[in-house]
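Structures for review follow.
There are two complexes below, and they share subunit A, which is joined by subunit B in the first and by subunit C in the second.
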Partner chain A sequence: MDIILQTCVNALVASAFFALMAVGLVLIFGVMGIINFAHGELYMVGAYLVWYFYASQGWPFLAAVLAAFLIVTVIGLLMERTLFRPMRDNPLGGLINSIGLLFILQVLAVQVGGVGLMKNVPPAYRGSLDLLPGVSIGNQRLVALVIAAALLVCIWYFLTRTKVGWALRAVAQDRDAAALQGINIDRISMLAMGLGAGMAGVAGALIAPLTRVEPYMGHGVIITAFIVTIVGGIGSLSGAVLAAVLYAFFHTFVTTYWNGTVATMMGLLIMLVVLIVKPTGIMGTRVSE
Partner chain B sequence: MGITRRDLLTATAGTAILGSSVIPRIGFGATKTVKIGFLAPLTGEVSAWGLPGLYGCEVLVKNINAAGGVKIGDDTYTLEIASFDDEYLPDKALQGFKKLVSEEDVKFVMMLGGDPWPGVQRFANQSKMLATTLLPSDLSPDTPYLLAPCEVHPIYNVTGVEYLARNFPDAKRAVICAQNDSLGIPSVATYEAAFEAAGIEVVDVNIFDPATTDFAPLVTSLLAKKPDIFCYDTAYADFVNLIAQQLHNQGYKGLQISCTCDNYPQIVEKTSKEFMEGFIFQFPDFDDPMLNEPFINFPEPNKFFADYNAAHPGTWTAVSWEYPSIVLQWIEAAKMAGSIEPMQVLEAMKGKPSWPHIFGEADWWGQDLWGINNALVGKWPVVVIRDGKAVIAEYGDIPAWWAKNKDVMIKRMRDRNQMWDQRA
Partner chain C sequence: MKPSKLALPALFALAVFMVALPFGLKLHQQDFMISLLVWILVVSSYRLMALTGEYSLVHVVLMGAGAYGSALLAKLAGFSVWLAMPCGALVAAGLAAALSFPLFRMSGFYFLIGSFAAGEAIRLSWTYFTVPFGGPKGIKLIPSPELTLPGVGPIAFYEPIPYYYLTLIIVSISLYILYRLENSRIGLTMNAIHWRAPLAESVGVDTWRYRALAFVIASFFAGLAGALFCHYYGTANPSQFDVAAMVYVLIWVIVGGVSRFSGPIVGVVVLSVLNELFREAEQWRPLIYGCILIAAMFYLPDGLIGLPGRIRGWLDARRGAGAMVPGDGSEKPADFASSKQR
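Then we have the complex of A and B:
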């Protein structure tokens, strides 16, 4: 029983990070129609900023996370204005731009932080909390989980309970109709990009003390984020969250009871099956031309 | 009493390292330059076993050159390291090997080995270039010009297990985790053999994807087997770091053993001194007093450690001294051959059944495992963390272990398809 409960705890933490990444990706895709391949690198930038501000400059961890959120949000805003807006009618161009940015950010990380061993980011919250005999969660993981979950709740509240959130969802559903209602598409696109990027930045910032902080850390994450968004339904925020939880539990349990490589392979297989059987994903909707 | 090879090595390389402030610079004639190739991962996740080695060689070569270089035959040479980043990829390694041999005109090539070696092997043979690897699992009858003169990974891991079994006789259940690659798998076979020889049951082996970033599930899975011993195998430095954190968070209190524990002060900082107390691995810090034993063939290791850390603080890893020790061996062989030409140096090194390994006189060995006696095998240190600091606990005797447990090792290697005749 211990192992099942401990695996659930592990999966819960993974769920929160997968959801943060996937929701950001979905926001950007939903509003702008662009698949942001540089999303994993925004996550990497968030982790590097925590390494710099917290581990190198001695800032408090939470202040470093906040700084990472703000800076990566600004990077997102700049991306929207300079890379994606000129390509609004050319989704392929936007995708290519995002791939270019991916490489630029990786090279910048190499230039700034070098390569080799991972950047050392000590945990800000040491020790662990014993939930039950044989079941524990590291304090750093607990803090990361709470912040990630709180952020997701805030995003949900923002999107469902505020006028700007409604506007954002309206643009995601039908950009032209939203524009006819007087919604400023440029502003909403910037908001979506900034918010999506900021969430990736926060995910990277929170996980920095728990993973390998290195220039190529975004690779694996973006694959997971794509699996989650496709399974959840591209463009569906609630689908992304649900798929993140399901995928995290699935991957964690298969890793624990079988093997991590098998878990990843099976995850990709599930994505393929979903694409074949239900291309709209768990909660996506078919859009007629 | 005659002059031993250690005396000779220490007198040549050692005087160079001591520098001109201690020993007067010899009035050599016009000096030539000999280039030494360094082909290893300098970027990426395996770079911890490449880049610090390059740093170590640069520190060593700087000191040697500052003291006037080395006299080989009738000529005096300064040394130059020509490096290439193989990114731990076979095709990049081949590109680098060709560049080093054809364009840089190096006289031997030091490699980490492992995954990149198969890409290089054919060209290395064709060019008859002396090359060295830290991973003797690269050796086979088809590698006549490849030597493993320093590290005999993963065979020396048996010394750590032997020490553990002797000092903790109640520990009877071990789990092993390893990344799935040419470093991890032969090491798994070695640990399995060593545990079996010590009467310790391996209750689980988890071979994970090197792309793994979250080790919580892996640790949960292994701790469910209630082990007395957690074996990290030859996990990459970053993996050991992250897995140790997870073990600490999930409340593990048993014994730990690993091939390496690079940057262990970081792990101590992230976990605790108590958690890391007694952690067994195989690579000493070079400020260890036990490295001043008379049989050690590395001049002034403590000074080298200080010079290295002054030049490259915080980067010391298992390989920081290994590549430099190979440079010293090459110098010794070139002096003996009176030539820098690869085949003559190789002949000098292999011309005798034994050769001065860094941890004492060692034999050319390996026929049983790799089909060729091109690895130097002798003593190897067992390192233990005590009060947050790595110290050498003892020098283990690999040939003695082999004499008793050869069959077990060969069986385990064969079970994991790691014998040279199984590696197509």
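Then we have the complex of A and C:
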């Protein structure tokens, strides 16, 4: 029983990370129609920035996370301006450009961090919190969970309760109609890309002390993010969050009781089935082609 | 394609060059030539798929299926390598035929992501099932083909030069078949599906069947390339056929230009030779490729094969001709630059 509850706690932490990645991807896809293949690399850059600022330069952990958020957001803004905006009428072109950027970021990480070296980031918060006898959550994970959840709530509030958030969702619904209403598509695209990238950066920054930081860490994450995005419905934010929670529980349980490779394999098959049976995902209603 | 007067002599000169080439090369360069020929077959078969307008991310995994199929048949089932290779290609084609049922219910982005998922799932199964796929380490000590010619004795196919000629012959025949296929009625229909799918459907073309056909044939040749690859290098493992390899194929095809048969071949030859010339910069290779890819998206939407036409255009413009020079004279619009009609 304890191990089931413990796995639930682990799954909860994983869902927050999956949701951060998937919501960012959905924002970007919704507004710009581009699948950002470099999303996992933005996550990797976030982790490297925490390694640099916190583990190497001795900044406080939270300051390093904030710095990672800001810097990765700026990278996202630059990506929108230079790589995606010129390809606005050519979604496949944007995807190809993001693949090009993926390679560039990986090589830069190798050059900055050293070849074949993994960076260990010591945990900033030691100890753990006992929830029940035999069920505990590491303080580092708890902090990551709280920050990730808070960020998601902020994004949700921003998208549903503010005028700019409405404008962003309007662009995602119908770009031309939104433009006719006087919404500045360029600005909204930059906003979506900046937010999406920043969330990936924070996810990477928060996970840095919990995992090995290495140049190719984005690869597994992007597969997860794709699965979550597709299962949730590629244009749907609430679907992405729901799918993130479901998939995190599924993946954590299969990994704990069976095998991580099998968990990913089954996730990919689930994604294929969703693509075939209901391409709009569990919450999606709209097929954007 | 209009056959020009120069085409036949040029082809003949190329053939002579390819036959004479290995003698002027060092050992590692001969290895490089074999893998270059294999990748030429992979990108050319990918183009057949791209003719129908779908870009898949499963092609290199199907190449791996050919390699695994052929290697296992030769090692475990005791097939002769000569039989195992085409059987490996058939394994890839069969797998593609099975995949075509789920995958071709999608198109565009969904197809891209769906094929990615299918490919990763297949590849992870090679990692997971140690029997018979050998797990992450894959299959080792794959036999090379054996042939004894009367009067000459056994041919050492584990040596680079004989294997180079074997690869050259198989790849040349395959390319000829792919080329003829593209210019046949089937190829033209595939092209029609790419540009005007509803119109093609309205005149009675079964678009699903043609898309699936292109996918299966392309996968057959990808599988054949995989088989050629593994029987020379002696190994087949999951990481050889991962997403990075797939992305390289995509880069070669796009940088070369997809609007002509020669485009992907030009792409793989130019980029691989550049890569071979700058061997010291191996760890910078992905970065350089990334930059080339982005630059190609911006400045060469027709790919490298569109370059002569573009230069001609610039020269004419400078002379003040003022007239628009339409690309490289090809009647097809640049693939990535134009929005698709579905």
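A few remarks follow.
Basically, the second predicted complex is superposed on the first by the 285 of 289 C-alpha atoms of A that agree within 3 Å, B and C clash if a C-alpha of one lies under 4 Å from a C-alpha of the other, contacts with A are read in each partner's own complex, and residues count from 1 in each chain.
Here is the rule we go by: contacts are C-beta pairs under 8 Å (C-beta built on N, C-alpha and C of every residue); 3 or more make two chains touch, one makes a residue touch a chain.
Computed from a predicted model, the values in this text were never measured in an experiment.
In the three-chain model built by superposing on subunit A, subunit B fits alongside subunit C with no clash.
Of the two partner chains, subunit B is the only one that A:D130 touches; subunit C does not reach it. Of the two partner chains placed by superposition, A:D176 touches none, neither subunit B nor subunit C.
After the superposition on chain A, the angle subunit B-subunit A-subunit C between C-alpha centres rounds to 70°, nearest 10.
In the superposition on chain A, contact is made by A:D2 with subunit B only, not with subunit C. In the superposed model, A:E214 makes contact with subunit B only, not with subunit C. Once the two complexes are laid over each other on the shared chain, residue contacts for A:N10 go to subunit B alone; subunit C is not touched. Contacts of A:T255 after superposition on the shared chain: subunit B is touched, whereas subunit C is not.
In the superposition on chain A, contact is made by A:N120 with subunit B only, not with subunit C.
Contacts of A:L102 after superposition: subunit C is touched, whereas subunit B is not reached. In the superposition on chain A, A:L92 makes contact with subunit C only, while subunit B stays out of contact range. Superposed on chain A, the gap between subunit B and subunit C at their nearest CA atoms measures out to 5 angstrom in whole units. 110, 115, 219, 259, 261, 264 are the residues of subunit A that lie in the contact sets of both subunit B and subunit C, per the superposition on chain A.
Subunit A contributes residues 2-3, 6-7, 10, 13-14, 110, 115-118, 120, 122-123, 126, 128, 130, 134, 136-138, 141, 210-212, 214, 216-217, 219-221, 252, 255-257, 259-261, 264 to its touches with subunit B in the complex. Residues 42-45, 47-48, 51, 180, 206-209, 211-214, 216-218, 220-221, 224, 237-238, 241-242, 245-246, 248-251, 262-263, 266, 269-270, 315, 317 of subunit B are the ones touching subunit A in the complex.
Partner subunit A is touched in their complex by these residues of subunit C: 55, 102, 105-110, 112-114, 116-118, 120-121, 124-125, 127-128, 243, 247, 250-251, 254, 283-284, 286-287, 289-294, 297-298, 336-337, 339, 342. Per the touch definition, subunit A reaches subunit C in the complex via residues 35, 83, 86-87, 89-93, 95-97, 99-104, 106-108, 110-111, 115, 219, 223, 226-227, 230, 234, 259, 261-262, 264-265, 268-269, 271-272, 275-276, 279, 289.
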